[in-house]
Amino acid sequence: MADLRPSEVRLEGNSWTPYLFAAPVAIYLILFQFYPLAQEFYLSFTSTDLLRPDDNPFVGLDNYAFLFEAGDLHNVLWITAIYTVCCVVFAVGFGLLAALLLDAPFIGRGVARALVTIPWAAPSVAVALVFTWMFNAQYGIFNHGLRALSLPFGAENWLDNPLLALPAILFTTVWQIFPFSSVVILAALQGVPHELREAAAIDGADRFNIFKIAVWPTIQPTVFMLVLFVTIWSLRRFDLIWLMTQGGPIGATNTMVIELYRQGFVYRDLGSAAAIGMIGLTVALVVTVIYFKVTLAAERAQGKR
Amino acid sequence: MSSIRFKNVTKSFGAKEVIRDIDIAVADGEFLVLLGPSGCGKSTLLRMLAGLESISGGEIVVGERRVDQLPPGQRDMAFVFQSYALYPHLSVRRNMTFPLLMQQFQWWYHLPLVGRMARNRIEKRPDVVTKIEKTARILALTEMLDRFPRTLSGGQRQRVALGRAMVREPQVFLMDEPLSNLDAKLRTSMRSEITALHREIGGTFVYVTHDQVEAMTMGTRIALMRDGVIQQFGTAREIYTDPANTYVARFIGTPPMNLIHASLSGDRASFGSSQLRLPQTYTTRAEVLLGIRPNAISIGQKEGAVPGRVVIVEHIGAESVIGVRLDEARTAHEADQSMDAVMVTVPGYTELAVGDAAYLSFDPAQAVLFSSTSGERLRP
Amino acid sequence: MTASPISHTLRPLAVLALLGIAAFPIYWMVVTSMTPSSELFAERPNLLPSLGQISIYGEVFRTIPVARWLWNSFVVAAGTTVFSILLAILPAYALSRFRFTGIAILGFALFATQMLPEAMLVVPLYSIFGKLSLLNSLFGLILANTAFVVPVITWIIKGAIDGIPLEVEEAARMDGCSRIDIVLAIVLPLIAPTLAAAAVISFFHGWNEYVFAQTLISSEQLRTASVGLASFVGELSTPIHAVMAVGVMYTLPAVIFYLFAQRYVVAGMTAGSVKG
């Protein structure tokens, strides 16, 4: 039977209650998330065409073998890795800087904090649309600006250029997601005891040292959690990339999710798509495990455990 | 030299003036206590001295240097916070080394590898190590040097905070109610430890507290504040025996000084049918408040004494506190002490009970007079 | 603390730069929508909207079924909000108050769903929905969206419930409330700000969602604004300023609503998680 916390014993009633509470959402998720997942797992071992989804001849590990040997998997993994790492570094980094900037009191701080969340509120489709226009070679505002300042790349069609496409996509993604980091870190900054900052100032610490010794230790758990979430979400980000470059040109922005979608809906090969999906999921799981191991080790070193 | 001088210091938060015209000075080596109730401005004044708050007007001079425009790290002062503010992820040793590290800090120490090497080098230097160990020994922290703040008790953390202040060997030690978070017994022992520390290492101490016992026992000079204004600045003895106004009189002492409505004429203070003959003659004739401490009153014979009735009796052990409502006079005690009683302390265990008649004799030599309108002290 | 004069001028500049970066693309979308065609392809870009061009909005409204798209998006977003909150309350409470092995698994499962991309599950969902006759219906889309937003919502609500002292519930218990009564009458009112935050988050998820809306809906009548707008990306026949106008009509309500609501969202998200 359910094992309740000591204080819970006093509230003892129907001991089926916890299961009843958890059941609806469990059933829902099984139906709409885990059963489809299981289906994907199964599909990855079949050769299935998009137009004949119920015809699933079993092919064993053929899909995986193809991906690893002849397919584009190495490039896809590489692009995914770069995209994810850069997203995390820049989104969390800029989020941190923005949060620090918005932390000190100044007139209009409330308004500023609200306005900085605009990118996060904008729908991905709209963001993809306007940024595609802004990156336009001839008429896009970015190139206008570059040309006006006599900087290079002012004539490039960013989204069509294999070297510039990924930076452009990264720029767009970071623009959209840094406010979330900023808001989360700002909330964490409120928990920094101001006396700790003052003690460091009196001890002669400059601004960086004050940050290192008084602020960072307090916000570190939050930032680490943020890194995990941004990583996982980057691994599954679809809308922006698909609408702006469809993974091109020549696979320059082809992350795993994009490749998955293309395999399934363009090449109509649901088996390969599912295989990529499984590989992607494995990557996400590995990342999560590594994350928890690293944070546990770090906490132990700091004397927390 | 670490004398401190506040010259006409004021502080306003927007339109609200919180510190008004503070002008006091203490000599090198003094133990200045800023005393007062919550919100009186004592912590603000301390923080202005430290550089954690800016000043709106006036000057602060330490030794020969004007410091009020300097950032906190450059005033050669150490600050002990009420919450100790220890660096949570550093060991006790590292907490105490940190100020020394900052003193030696060069801008390139911010670089990752270079910085760490430089830091290790400084931490291992013999003079640094000696200083830490010496300070740890003085504060009985030697066994705890490698532990983390989270594993220490309140009193131990307090001492680490003190240690962190001491290693800098600053000119001035600032303490913001450092004992408030400790339990009563610990507070008493830490009090004497801090006083002993002051004696041993010299330096000027500025100590903020709302506890008048701490102020009276620790301070060489006390500034009693209320609403941003200093009510009286002097030694403990002066403040006790020679209060400047009724606020000071009622703040210091447990139980506080009694204030009785009386009429003053020449050398007589009259209330009801009683008359007290004062040692000096006063030129003013006025309605006054007669101030007399509970231990300057005795209870005894009916003959020539002030009559009253006992309304409360408290047995403390070594003495008893008896509250007597006078038959023919009123006190000027705060409205919330609605008993309107003159408090008297007598040694030992009194036999008096609530409702008994009591006859009070006042010692005129210890009586002080205040204007009943302004509360200011009247002098002959 | 006394601030240096340099930071006094640098900070406002930095803040303005930050806000400029955050707001510019949306601003540019508005400007482009109100720039006449002739100027769109000119040598020097027009940085300010030509207010005379505001008639473009009327035109777009008439020629493109924007109103219908927006309405569909609204229905999906509102439906997602209602469903996801209803579904999330009980497990959030259970995760906060109960301890048993099943709960740990539930917690982990909710977290694990964060790793599942919509693009991956869209195919199996397509076939499941086909079998349940939920294809090509806004209701089906709502169900799909709910599945993806419930984990986040549950976590936030759980955090808020954590912040309610157990004594309050014990008092209610003494007064004879059953567990479900406690949840409805005591807990929910106390976490109202967080529920508001959860509502905003799920509303936005429904409003912004693209992949499912694209795949599970094929009828023109039921198309959502996200899909409608996406159909213009890369397509050349519709003039840019008209496309941007559609974009503005889709984005601005969301942004403005969010600007008003964000204070509650932040407060709601961090409720119960104050760490000293």
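So that you can tell them apart, the chains are marked A, B and C in the order they are listed, and the count of residues begins at 1 in each.
Just so we're on the same page, a residue touches a chain if its C-beta (ideal position, glycine included) is under 8 Å from a C-beta of that chain, and two chains touch if they have at least 3 such contacts.
Keep in mind that what you see is a predicted model, and the values were worked out from it rather than measured.
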Furthest chain, CA centroid comparison against subunit A: B
Pair exhibiting more inter-chain C-beta contacts, A-B or A-C: A-C
Centroid distance [mean C-alpha coordinates] between subunit B and subunit A, Å: 56
Rounded Å distance, subunit A centre to subunit C centre (Cα mean): 16
Subunit A residues counted as touching two or more neighbouring chains: 193, 198, 201, 218
For subunit C, residues that touch 2 or more chains besides their own: 1
Multi-partner residues of subunit B (at least 2 other chains): 51-52, 71-72
In the complex, subunit A residues that touch subunit B: 193, 195-196, 198-206, 208-209, 213-214, 217-218, 302-304
For the subunit A and subunit C complex, residues of the former touching the latter: 2-5, 7-8, 10-11, 13-14, 17-22, 24-26, 28-29, 31-37, 39-40, 43, 50, 53-54, 98, 101-102, 104, 106, 110, 112, 114-134, 138-139, 141, 144, 175, 179, 183, 186-187, 191, 193, 197-198, 201, 218, 229, 232-233, 235-236, 238-239, 243-244, 257, 260-261, 264, 270, 273-274, 277, 280-281, 284-285, 288
Complex contact set, residues of subunit B against subunit A: 50-52, 71-74, 77-79, 81-83, 85-91, 98-99, 102-103, 105, 110, 148, 150, 164, 168
Subunit C to subunit A touching residues, read off their complex: 1, 11-12, 14-15, 18-19, 21-23, 25-26, 28-29, 32, 40-41, 44-45, 87-88, 90-91, 93-94, 97-100, 102-103, 106, 109-110, 113-121, 123-128, 143-144, 146-148, 150-151, 154, 166, 169-170, 173, 178-179, 204, 207-208, 210-211, 226, 229-230, 232-234, 240, 243-244, 247, 250-251, 254-255, 258-259, 262-263, 266, 269-270, 274-276
